[in-house]
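Please find one structure pasted underneath; my questions will follow.
Per-chain residue numbering starts at 1, and chain names A, B, C and D are given in the order in which the chains are listed.
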Amino acid sequence: MPKTKAAIIGASGYTGEELVRLMSRHPSLELAAVTSRQHAGKRAADIYPYLRPPQDLVFSNPSLAELPALAEVFFLALPHGESMHHAAPLLEAGRTVIDLSADFRIKDRERYRQYYKEEAPAEEWLQRAVYGSPETNASALQGAKLVACPGCYPTSVLLALAPALMRGWVRPDSVVVNALSGTSGAGRKADVSLLFSECNESVKPYGVGTHRHVPEIEQELSRVSGAAVIVQFTPHLLPITRGMLSSVVAAPSGALPSQQEVDAAYAEFCSTRPFVRYCAGELPEIRRVVQTNRCDVAARVDTRTGRLLFFSVIDNLTKGASGQALQCWNLIAGRDETEGLPL
Amino acid sequence: MPKTKAAIIGASGYTGEELVRLMSRHPSLELAAVTSRQHAGKRAADIYPYLRPPQDLVFSNPSLAELPALAEVFFLALPHGESMHHAAPLLEAGRTVIDLSADFRIKDRERYRQYYKEEAPAEEWLQRAVYGSPETNASALQGAKLVACPGCYPTSVLLALAPALMRGWVRPDSVVVNALSGTSGAGRKADVSLLFSECNESVKPYGVGTHRHVPEIEQELSRVSGAAVIVQFTPHLLPITRGMLSSVVAAPSGALPSQQEVDAAYAEFCSTRPFVRYCAGELPEIRRVVQTNRCDVAARVDTRTGRLLFFSVIDNLTKGASGQALQCWNLIAGRDETEGLPL
Amino acid sequence: MPKTKAAIIGASGYTGEELVRLMSRHPSLELAAVTSRQHAGKRAADIYPYLRPPQDLVFSNPSLAELPALAEVFFLALPHGESMHHAAPLLEAGRTVIDLSADFRIKDRERYRQYYKEEAPAEEWLQRAVYGSPETNASALQGAKLVACPGCYPTSVLLALAPALMRGWVRPDSVVVNALSGTSGAGRKADVSLLFSECNESVKPYGVGTHRHVPEIEQELSRVSGAAVIVQFTPHLLPITRGMLSSVVAAPSGALPSQQEVDAAYAEFCSTRPFVRYCAGELPEIRRVVQTNRCDVAARVDTRTGRLLFFSVIDNLTKGASGQALQCWNLIAGRDETEGLPL
Amino acid sequence: MPKTKAAIIGASGYTGEELVRLMSRHPSLELAAVTSRQHAGKRAADIYPYLRPPQDLVFSNPSLAELPALAEVFFLALPHGESMHHAAPLLEAGRTVIDLSADFRIKDRERYRQYYKEEAPAEEWLQRAVYGSPETNASALQGAKLVACPGCYPTSVLLALAPALMRGWVRPDSVVVNALSGTSGAGRKADVSLLFSECNESVKPYGVGTHRHVPEIEQELSRVSGAAVIVQFTPHLLPITRGMLSSVVAAPSGALPSQQEVDAAYAEFCSTRPFVRYCAGELPEIRRVVQTNRCDVAARVDTRTGRLLFFSVIDNLTKGASGQALQCWNLIAGRDETEGLPL
């Protein structure tokens, strides 16, 4: 069977590099083009020699008009605010767009403006964009032309809570999320605050009350639960390269479910989601999922305090970005969800 | 002025080693004896050559009856359950005991039994023990004969919340603590789960709902606030050697105070506590306090969610253990609180 | 095509775990049995849930007599001194044995005794054992029944030097090796010196002049060069989990070759070794090979000092142990060398 | 006794920050001025709040003409090429200059030009500059007006070898140095290659054959040995923040000395150098010297290979830069060498 030609737009960052790595092993995609302003004209094999991309693949820097001819499916690994401009000509030319930026994630234009300090994309495209959460939105992904891949924090929080939200167990105004992310989540930016000497042997909270993933987390928890969820979200920067952990505390909406009920709900959820693993006897650890597309989750009932606790771990570059983008592609193309992805 | 002779009982672990380090620079204490079953008979200068202890100091393993003759003040760096047996003969001989274990911390015998699976010490000593929190219990420490040094997590949570609790701003049943600790907090134990290869590039929650610091945190937050505080406490193991961060979320008991009121309350609290620094414009980072006896705290009002957020960082071996023990000694002896301690 | 049944003997350590991981993806091997004294009776899916081994696979602790019935090919991940006793009954029963310990590596019985403080295996088996270096000993591996897989340090040093040794460029008594290893190389041992708090933020030399890999390195460099090589070998423990770097300095045996000659020799060597990559323009970095079976090498001519410099990096658990063991299997079985291995 | 007024010129980097930290505890120096283009006009207490500098100290950006009025002694923490221009007016005004850059280190103008791609300072000042190695050049430091503080690698190599060089034990053309440095040695630069995600879980060699510390190392080893030493120097970047290890191999110039002779030579050397500690029974570890001004060294005789091995560890920011600068000041001022420095 011939492979589908794929292009990675903006392939110089960590998510772009991870896309190159994963696509080189993918059975139904052929890496036909990589673009980068920074690397334009250089061979991919010189920039990422350890990934052994095709010897003749060269970074290009095409105009928007030249983009559609490059491939059939486009993975946009661009900063927010840029993706929307690249997506428009591709969509109009009938191409499939899988966007890893935030541009098409937030349905509420006002909230997008508030948190991202920019105008959202055209309403038409915003409404057609499918939120690329394979575990909670699989049917919408089949045959989708425009996918808004979830952020890393939203992915980890959504998968930690989804089974409980689906059963209405969580009081919508009670969700407290403490999240921890490795430094690759901040991107390959020449920024003093991301230096090894600044991050090592330390942890710090950041973006308290203002992090851009707040509207996305609330939108998606609300979608899955059917109620307007408000989250108290506190992210922290960890001295690890890859990986993310979310620790969530919530009050029950009614009677506290038993641990057995919770275990059963999560086991059922996981039984049809190959990338989600429920930790019944152990607690999730970041290192167990690094370099995989898996999300390990746990849920615990604290009868002493009457609260529910949820934990999840992912690799922020794989399940939190590039791996999930390929998982979305598998669903778009009607193929096996796990194809070409590290379990 | 002659120095007071001090003994470190159980000097082979991380807190014992840190006591050796700090005492070597302390202007009013002379390290007169170190004990260790493991190292008995060896010179301290051979075990800790980089600390340059007195050349003729040798680890001993004295009987309980021999203990009181060793020194005037005793720092017990023993596992819980052992300290109480060493403290009794020392107290009866009129010696001063600064205990770094949990034995004398919990006033409620039933809770001690429940969390520590042992009987608490004799009621008489339990009632005489002073909780060694210099920032919230300074007057009780003056001239104290038996001090129960706080645990590391309780220290970090108490200092994060104390100014808010003192003003009655925190709803007692709403406190959610996510805490992160470096691996030295688990001690120098030959345990596979503490190996570099097991802890590195990872984070994991542990002791969820059962951690032994829960009764101590609740006891002390309740003492300072005058109300029965219940905490949701989730500790995590971090891939760093030293350092601890607590991220706390709480609902207000009444009207949400303003950020200005909160800033003022914390600034006032810190103005008379030389080891507590309020971060008004920044957020606390673990690396800023490592190798110091300081606690950096921040408090933030989230008007969107109507909640209060608190952060604190300490070095778990210094302010969380050995440094605080020496700070207690300074107060017992009526000397300057900061004497001999790294700021 | 039916898969070959494989057993992992001693599957509780890091190399055993890595074998489980790699074998689960291997196209021609079926993981039929795992043994471990420590885990006997437990399901592999409970010990390594994140690896998702076959649900019904249970750790066993068979007698030596029961071993041969377990599988057709046996990977021994046992401490040195134990492997030889397990290998004997397997070899007599006609099974294929791929031994990851040092037992069959050293042909000189006296040197084995000197460095390992034990008797070497029976001379007959010692002579039949094939040193499992796919890049320098491929033809001997075809159809081999007993393979002595190389140690991690010997693998990294041998691949760094092989092309230069083959051309006789290196003066045999001039080789100085400084090597750096991640902590997983020391195994999953409950040893205080391997705790996170002891290894982190530090590096230390160890085994200076006495490391057990010295006779193996000298034997193999001598084999490849045809001259009696003596190495000055200094290993160091690094604060990383996986990965190894060797920095080698040597004097030329005759005229100093040019950088162009060296580049050409290494490029030629790599052209037929899919797991060795020559870094012409860059220098090797450990992170580029972690989780792969690759060895990245570089060679540089220092005309100022008149010396040759060599560098190599591997993942000590993959190319340095379990991945290389599977690469040996591929060659034994006459299959593609790269089958089932991460490039 | 009144303190001497000191200024730190270029106080925004890691060595400048470390100078602020150390000077705040120094008994004979008063931090009177800090300069920084980047921070000009900001309060030091806002930039380094955790260091608690004087509340009213403000970063300035003075002209060269304004410099001399700021203080009596000047610590220049500037990039090479800039220091010489700042030093000139200060020296002409009779001020004392302690320069942490490379500008005044290299006596051979041609070698400076070759490695630094710039012209060396005026010959007059170059000849007056005293190389600030307190352990090998103490007498020259007394009353010095211009000190060229050693680089971090040269310090670690010189102290590892000095006792052996002084006895003529080392063959001058045989010195092979493998050195490892934490990332703070590269400075606080917004450079992608220094990001946490790029340095973590990795080690890489760099500057092979071209590192700027080569001429300095060779000059100083030659000075101490009285013979023209050539070094093979290979530095590597380590995933730690602070700390440096040098592993040195050398051939003996004549008969191999015995381990006892070597131990005695090093013990004698250390007996009058309070910051150098000889490791007789152990091997040096980086973590033992971090945050101290100490250098731990070891020397070993390998009778099998007939070579000498040397090891040393320092904190690159303390003994490798700012701590040593203050040690130089103590000697200039005729005070106790250890005053105000962490042992």
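Operating definition for what follows: a residue touches a chain if its C-beta (ideal position, glycine included) is under 8 Å from a C-beta of that chain, and two chains touch if they have at least 3 such contacts.
The structure presented is a predicted model; accordingly, all values stated were derived computationally and were not measured.
Participant: Give me the step distance from chain A to chain D, shortest route via touching chains only.
Facilitator: Each step joins two touching chains, and the minimum needed here is 1.
Participant: Across the interfaces C-D and B-C, which one involves more C-beta pairs in contact?
Facilitator: C-D
Participant: Would you mind checking which chain's C-alpha centre is most distant from the centre of chain D?
Facilitator: If we average the C-alpha coordinates per chain, A ends up farthest from chain D.
Participant: Can you check how far apart chain B and chain D are, centre to centre, with Cα atoms defining each centre and the answer in Å?
Facilitator: Roughly 37 Å, centre to centre.
Participant: What whole-number Å value describes the gap between the mean CA coordinates of chain C and chain D?
Facilitator: 40
Participant: Rounded to a whole Å, what is the gap between the Cα centroids of chain B and chain C?
Facilitator: 46
Participant: Would you mind listing the residues of chain D that make contact with two or more other chains?
Facilitator: 200-201, 239-241, 288
Participant: Show me the residue ranges of chain D that touch chain B in the complex, using the header's touch definition.
Facilitator: Going through chain D, the ones touching chain B are 46, 49-50, 52, 200-201, 277, 279, 281-282, 288-289, 291, 294, 296, 343.
Participant: List the residues on chain A that touch chain D in their complex, please.
Facilitator: On the chain A side, the touching residues are 14, 182-184, 188-192, 194-201, 239-241.
Participant: Which of the residues in chain B end up touching chain A in this complex?
Facilitator: Chain B residues touching chain A: 176, 178, 180, 200-206, 208-209, 230, 232, 234, 236, 238-243, 245, 247, 249, 283-288, 290, 300, 302, 304-305, 307, 309, 311.
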